[in-house]
Every structure is written in structure tokens, then in C-alpha cells.
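In the two assemblies presented below, chain A is common to both, partnered first by chain B and then by chain C.
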Partner chain A sequence: MLKINYKQAFLLGTLPVVLISAPFAISGYKVDLLTNLLINIILVTSFQLITTTGGWSLAHIPMMGCGAYGTALLSGGLGIPFWISLPLSALTAAAVGLVISYPLARTKGFAFFVASFAAGEAIRLCWTRFKIPFGGHKGLTVPAPVLVENVAWLDFEEAVPYYFLTLTITLFSLIIMYRLNSSRIGDSWRALASEEKLAKSIGINITKYKMLAFAGGSFFAGVAGVLLAHRLWAIEPRQFGFNATLYLLVWVVFGGSHTFAGPILGVVTLTFLGELLRPLVEWVPMIYGAIVILILIFLPDGLESLPNKLKSLR
Partner chain B sequence: MAILELKGLSKLFGHNMAVNDLDMEVAEGQIHGLIGPNGSGKTTVFNLVSGFLRPSRGKVIWQGRDITNMPTYRITKLGLVRTFQLTALFKEMTALQNVVMSCHLHTGVNLWQQFWQDKKTRRKTAAVEQRAMALLEQMGIANVAQERAADLPQGYAAALGIANALATEPKIILLDEPVGGMNPTETAETMEKIKAVRDQGITILLVEHDMNAVMSTCDEITCINFGCKIAEGTPQNLCQHPEVAKAYLGEEIDLC
Partner chain C sequence: MEFIGQTILNGLMTSSFYALIAVGLSLVFGVMHIVNFAHGEFYMVGAYTVWVLFAKMHWPFFLAVAAAIVLVGLLGLISERLVFRQAKGNILSGFIMSVGLVFILQVAVVKIWGLGKMKPVPAAYPQILDFGGISTSWQRFIVIPATIILLVALWNFLERFKIGRALRAAAMEPEAAALQGVSVKKSAAVAMLLGSAMAGAAGALMAPIMSVHPYMGHSVVWTAFVVVIVGGAGNIKGTIWASLFFGFLTTIITSLFDSTIANLVNVLVMLILLAIRPQGMTGYAEN
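So, the complex of A and B:
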């Protein structure tokens, strides 16, 4: 028992140290990668909120796009400061999510899959078709966030300050999502996913709770979108297409979606793997495909189920 | 006083008339039995009354209110709840967590408080846990409170199903074969507990195959076959009714 406690203490101790010192020890490009990883961590965790109620939503990346486009229009077009644009854009994503979740809540399994894909594509088509205000195929430019003027270490056009901004927002988001997940609301979500008949019977309004999960997940996808937009300084519809959704699905299948940490494990592992394999960059899609097949055969519940599997082998 | 009325209730599945123009009244405070051979439509009636299925025709009147096409969660809010034949439980949760979950409608905590969880909410949550424990004790399964629902033997699982239903603070419980597969001792114990629930003022509509249990517990019985009502009355009346025996056994013999 003591051994495990030391291990946990070690991880809990070193993680913040690593997270805070890393950007100073590595090159600017790598700091950007870390920032991107943090954004993806918010993305996969918010996705897990939706998979809990039984739906693998192919509209999640477009929700991220809603947040991105939201901040592009608010902070770029209207000049609204970042710290207002962030929650507003996330709320926009949540509102769009709420609207599409009503018809989606009536579908299950494969139908949900297809319907969410259709909804996501409809949203993307809006960005492509309506040059005003979404900029069509070329997309929009996004200004860097400004919290305080003329302070060097708060110049968010630079990689390191932006990393710390993202880190702070990621931490807050994860805490909120964790609390949501482990609250009675999370219990109701898991209840309706495991035994819908009984959940209905004890008075749980299934549609309402599914919509809540979808809107909540979309909110944080929006947060991720805002952070992405302000990092790239420009967004276009192609970034929020099926390619991105595919990566999201691979991360979540790889890491598992039944625990809070599962998807995070998945995205972190595969991102580092992707970096290690940078010399083989043409092979990466094939390697990812092979990884998915292997995982589905040998560890179908994802990486998060590994500790339990190892325990039962002893 | 009829607390639950079924008027001309019908359900058509393709070519199969599962429930055919059923009229039934359940009096308040009674244990009303619904019997019939396998496939006679009893569980379909439950599904129609509790909002799991929409009737093809007819109405369900609960406490004078038409609940015919209401969604299940709203019907539960109005005090009508059912149990399930192959017990549906939250399998990964413990027995206690199951009942706590089933207190969903009566925690006195709204969505925001559930997320925020301040001191007042925590006190209310503790109260809910106490109530859940009391329900487990009432059903005689307090000793398995910390066991996973999936690991419970059948008798305990059935009792937990009833505890879950009681947690919704119902005015009527539709029990779907509560003693299915139990031996005579367990059956007698469970029927006693069901009588105790009735004595608390909760009306009971009971579907069951065990004739002894039905005859000794019910105040009034309705017998259906092929979705139609074929007999109705007190246990004594039904004992002697030729149609009932014929439905079950294919011949006229004495069921008493």
C-alpha cells in the first residue's frame, strides 16, 4: 500500500513542476505543441461528458468551431476583450449544442452517430456558404488576446505567455467538468445510460438530462475552440472537418471513455507518440489506424482499463 | 373510490391485439390482482399505464387525471410507479446507491445545487441516504446495502426493485411478478411486506402467477386472456369462475 502512495505523491508533485517549468526548457515550437495538447485535453474531456449519456457525437468538433468562430466574430469583428469573449463564445457553442441536442436526444446508437454528423456538417456549411459574417472558405482572422496592455510577460502573441493562459483555463475547465461528472448530475447521466427503463421509472427526464450533457460538453468544446482560435490567429472551416473528428475518436477509443482520466490518457499518449514518430510523418495515419485495430482487439475498453486488467492477471 | 381507471385500453402490435378494449378500476388502498396465463397481455397493460407504450385506443385515468400519453417521468411525479419483471437495477451501483438514486424526485436539491454542493445540500443528501437505508430495512435487505446490485441473488434483487419503487414516494405501485421464482417461504415473506406497503396507504396493482399468493393477498382480482378481461371479482368469486380455470389450465377445475 505504501508503495502506491509514494507513486501517487510523486506524480502529483512532479506534474505541476513539469507543467510550469516545461515551457522554459524547450523551444517555442514545442511550447506551441504543449498548448495544443492542453486544448485537446479540454476537447476530449468535454467529449466524455457526451459519451457518458450514450452518444458518440460527430458534431463535437463543429461545436469547437462554434466557439472559435464566436470569438473570431466577437473579439475580432466587434473588438470585445478576450475575457468576455471567452465565456460568450463558449455559451454560443452551448446554445447551438442545446438546440441540436433536442432532436438528437430522440435518437440512439447508430442513428445518433449519423444525425450528429448531419448536424455538424450543417453548421460547417453555414460557415462556408455565408461569406458574411463567417468569411466562407477563407475563414476569419483572430486577434491575439490582450488582458493587460504593454506588459511583456502578458503578451499573448508569444508562445510562453499563451501557454500559461491556456494552462490556467484548462485547469479551471477540468475542475468544473470533474465536479460535474462526480456530482448527482453525473450519477443521473450514468443511470440513464446504464438502465434507461429504470431511470425513466424513477422520474428522470431522459431528454432533459441528455440535452444538459450535450450542452455542457459543447460549452467546453467551445472553450477549446476559443483557445485554438487565439493561438492560430486565423480559422477556416476545413479545420473543423471530419479529419479532426477522426483524431478525436481515435484518442477517446484509445484512452477509454468510462473514466474521467481515460480520454486524457489517450490524447496525451498518442500526442507524444505522434511527436516521437515525427520522422515517419507519412506513416502516422497508418500507424494510428493500426493502433485503433490493436486496441479494439486487445484492450477494447481503452487504456484506462489496463490497471484492472493487470490486476486480474496476477 | 377508483384511483386508477383503464377505459377501453387497447394496444395493437402489427396484427396482434395484445390488449383488447380493457376496462378496469383499481380502488384506492387495495391490493388489486391482475392475473392471466403467459402472453395474456399483463406486462403490456403495465407498459401502457406507466407510459412506456402508447395505447392504440383508450384512456388511462389516474386520480381523475388523463395520463394516457404522458411520458413516464411525469407519471412517476404524479405518484404512479411500476417495477419490472426481469428486475431492472443500476447494476454497477450498490443496493444503497440504487435507492438513493431512486429518491431522485425527492431530494429537495435542484440542478445547480447538485453541482455546487454547499453545506445545506450535503445535509439534504445525508437525509436522503438515511431515508434510503430505512427503505432497505423495510424490505429486509439492509444487510446487503453495500453489495453491488449485479451481485445480488434473485430474491434480494426483487426486494431492491420494490425499494427503488418505494423511493419515488408513490401512491400506487404496479408490481410485475414480485415473487417470480421464489420458494414458498420467501413468497410468504414478500407478500407480507407487500401487505405492509398497502397498510401504509399505497395502492397496489399486482401481476403474479403464484395462485396461492394472489388469492391470499388480493382484495380484488381481474383476470385477462388474449388481452381481454374474462373475469373480475374477489378471490372467492374467481376461484369458482369457470373461465379463469379454463384460461390457465385448458379445462374447468377448481382453483381454490
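So, the complex of A and C:
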């Protein structure tokens, strides 16, 4: 059971207030920044579903791209409304994830990193190479979602309504992923990450559970991709390149990957740090690269391990 | 007939290039258990060295290549000392550190030489080489003898010299090797020096053929990884065989369709192979 002390209760109480009032207190550009942060929170948490099985997939950003391209084709190309295209596109990402996870689940260590990287790049190459239907280098355009026409506060072309749409979907996604993570399935994932042979010997189907984690993670990465595409209104293959993968890795390494909150902590902290570093934007990849190396040397379990480390010092 | 001859020549040139870049990667993994993503950036630094020394300062081509080999080897040595040693054999940490290194090197190169225009490197040997209808330029042909010389040198080093044998021992049985007095740290450093130097050599030799820019290592490291996976990580003979296989596959598919399709087919072959034989073509299995 969850044990909540006063401090945590205070946090849980203020968080909704902050999340709801924030977009009214800041300017338009910063609302989009918050929306982006929420999308990235879905992304890192879905990545964590895969890392709990012990494999750090390098195809996760392309999986997000599958969701984005899915919705671009479904709602942009075929005119299917956002509400149907969202789950369909996420399922597309999950299906692609399921297919590539079959060979990937049979590898580990070196082969897993490299094979997932190659698979992700191959997907990206398809978007560039096949101009029909993916639009090549120029990519595709995506319309803003419409729920009811001509209602100002439901006009999702505006930043604030879109923020609340994203907030709602983010909360739902996080709840589902949290439940999944603390269910029996989540226990099995952790079991096969720490003691694969033991897990196998007590009857856990390793390949099946790894594929399930990969498909589940890809589903929510797809959700993040859909939300991103409908806010940017245009997508191109370059957005889902290796730079984005680096940021994902840095967020998760920085926050730590052993608790549910670790990756979220990482992405929130580094997003605010990134805002402070705006004047140095060209240097940011180098700074992130240095951060990730330093964290791995001096704080290998990430930010989430800091409280325990400080406690043991005392 | 001419088409077949031309394909064989092109295939040999592509295979040599793949072998040059993949063998270093395989060696580094075998000894240090580091999945080095920065290998492609080492290759890129090798190409930049030739651009600076040969194209701008007009050094003789082979002197510039030799300088690139030494320089990139040292860069690898420094990275091992400052970064990879701290991973302490943890594959995940080492791999993520190398990704960090990729971006540090890329930004460094952009900051020093700028992003803007391509860095044109003129061919040092633009003369056409003609084998009765089958033709290529000397500049492209050179990669074949250069690769053979470098691989034979590496092979002799690993077979004949005491430190080379120690390196292989450390790759096979680190604990037993340590008990026999082999310094695991020292062999890691030597492996990194040699592996990076090979990447530098590849970049240097390809600089007049490829376009030189800060992100050129990315697509190369991708192919190199496919080759290493299929050949067996840490297995140098297997890596050379896989280089030949993929070199010819890429050449044939490129001449039939285009190079993007060839890349896709390479990955597909790797994924299918992993699905059927997760231990790789040569039967190497990770513990």
C-alpha cells in the first residue's frame, strides 16, 4: 500500500493547483513549453516500461514517430477525427513495436542496443525514402484536433486549451502505466530484468513478457507522438533522429530508472535547466553529453538515489 | 561480364571499408565490453584531420593519413582513460557514456570548424584505374590494399606479440588472464588505441570520397554495428567475413535500386538473423 506522510500530502495537494493555474499565469510560448514537458513525461515513463525489463531500446523515439506519422496519415490524410486517430495511431506504434520486438527480445546487452538502434534507423529511413505516403524529408502536415466547432475554450489551435487536453491524456496515461507497473505483469518484468534464468525457471515466458513491455512502451510513446504532432501541425523525419534519443537517455539516466518517478524527475529538472541554458543553445548537446557522463561516474543511480545517498552520509 | 567484374571490384572496395571500420569496433567490444557509439565520431575526426592537413595545409596524402591514425588513436586512448574506464565493465553505462561522447565530439567539431559549407577534400590520386573495361579511380581503389595491410598488421600484432596475445586472453577470459599477470586495464587501453586508430584510418582514407561534415559518422556507425552483430561481437575473423557479405550485398542492391534500399535490406537481414540465430552467424553467444 501507499504510505503518505504530511510532506507528500502537501505535494499531492499543491500539484493540481499548480498544474491547473500555471497556463493562466504565463505567456503563450511558455504554455507550449509546459505542453511539451507533459508530452515528454509520457515519453520517459513509457520508456521506463521497457527499461524495467533490462533493455534500453534505442528505437523508442522512432516509435514515438510511428504515432506521429500514424495520426498525420489518419487525421491529416484521411480526415479521421483526433479522438479515433489517437488510439489507432498509438496501436500502430504498438504493432510496429511488437514486430521489431520479436528479434530484439531474443538478444541482450550489446546486441539489444545495436539491433534496436538499427531497427529504429530503418524505420526513420522508410519515412525519408518513401515519399508516398510519408512525404520524404519535408514530412507531413497535421490538423489541430476539433471536438466541437466554434467553441472558444475548446479551440485546440490555441495553446491553453491544448495544454489541458494534453494534461488530461497525460494523467490517464500515467495512471494506466502506474497500474501496469505495480501489477503482476510489472513484477514479472522486474523479475526477468534482475534474474532472467530464475524467472524462466519459475515459468515466466521471457520472450512474451519482453515483447509485451516493448509493445506497451511503444503504445504510450505513440500517444506522446500523436500529441506532439497535433501541436506542431507538421512533422518530419529529422525530429525523431538520434538527438532526440540522446535527450531521452539523458533524462532517464539523470532522474534514475529504478522508480516510477525517477525519469519524470529527470525530465522536469532538465527541462527547466534547458530553459536557463537557452542562450547557449548550440552547446546544449555537449553539455548534456557531459552531464550524462558525469552522472554515470558520480551518481550512477540518478537523481532518485540522492536522498538515500545523503542519508547515508549523515 | 563487365557488369559482374565491376560489381566484384565495387564489392571489394565497400567490403574493405566496412572491415576497416567494423574490426576496430569489434575489437573494442571484445576486450572492453564497451558498445562504442563514438566510433563513428572517431571516424569523422580522422576525416577532418585529412581535410586540415592534406586539403588545407597540403601535406602529402599518406602523411596526413598516418597523422590521422595516430591522432585518432590517441583520442581513443584519452577517452578510455577519462570516460570508459569509469564504466567498470558495465555494458549499459559504457554505452550511454559513449553516446554522451558522440555529442561532445560533434559539438566540438562544429564549434572549431563550423557547420556551414562542406569540407571538400580533393582526390590525391584522381587517375583512372582500368582493368579492361572495369574501371575505378585510384583514390577509391587504395582502400583495398590499405585495409589488407592494416588488417594483416593487426593480425600479426595479436598473434605474434606478447601484448597482442595478452589482449586476446583478456578478451576471452578476463579473470584467468588477470591471474596470469595480464593487466586488464592495460589491454583495454591498447584495444581502444588500436580500435580507434582503425576508425581514424577509415575516416582518413574515405575523406576524399565521402563528404566531410560533423555528422558523417552517424550512418557509418550504423552499418558497422550491423556488420559486428552478424559477424559476432569481439570475433575479428567473423567480422571480416560479415564485412565481405554486407559489402557485396550493399553493392549489388545499390546497383539494382539505391543505397537507402540497400541500408534497409542490411538491417532486415540482421533482424531476421537475430530472430533465427540470436547468437550471431558465427555462434558467438554473450554470457
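Quick note on the criterion: the second predicted complex is superposed on the first by the 310 of 314 C-alpha atoms of A that agree within 3 Å, B and C clash if a C-alpha of one lies under 4 Å from a C-alpha of the other, contacts with A are read in each partner's own complex, and residues count from 1 in each chain.
Note that in this section contacts are C-beta pairs under 8 Å (C-beta built on N, C-alpha and C of every residue); 3 or more make two chains touch, one makes a residue touch a chain.
Quick caveat: nothing in here was measured; it's all calculated off a predicted structure.
Under the clash rule set out above, the superposition-derived model of chain A with chain B and chain C shows the two partners fitting side by side. Considering which of chain B and chain C touches more of chain A, the answer is C. After overlaying the two complexes on the shared chain, residue contacts for A:Trp283 are found with chain C alone; chain B is out of touch.
After the superposition on chain A, the angle chain B-chain A-chain C between C-alpha centres rounds to 80°, nearest 10. When the two complexes are overlaid on their common chain A, residue A:Ile202 makes contact with chain B while staying clear of chain C.
Of the two partner chains, chain C is the only one that A:Val292 touches; chain B does not reach it. Contacts of A:Ser188 after superposition on the shared chain: chain B is touched, whereas chain C is not. By the document's definition of touching, of the two partners only chain B reaches A:Leu180; chain C does not.
Closest contact between chain B and chain C, by C-alpha atoms in the overlaid model: 11 Å. Taken together, the two structures place no residue of chain A in contact with chain B in one case and with chain C in the other. Remark: chain B residues 50-52, 71-73, 76-77, 81-82, 84, 88-93, 101-102, 104-105, 107, 109, 111, 114-115, 117, 125, 164-165, 167-168 touch chain A in the complex.
The touching residues of chain A, when paired with chain C in their complex, are 56, 100, 102-104, 106-111, 113-115, 117-119, 121-122, 125-126, 128-129, 242-243, 245-246, 249-250, 253, 282-283, 285-286, 288-293, 296-297, 300.
Across the complex, chain C meets chain A through its residues 29, 33, 35, 83, 86-87, 91-93, 95-97, 99-104, 106-108, 110-111, 218, 222, 225-226, 228-229, 233, 260-261, 263-264, 267-268, 270-272, 274-275, 278, 280, 286.
Residues 179-180, 183-185, 187-188, 190-191, 194-195, 197-198, 200-206, 212 of chain A are the ones touching chain B in the complex.
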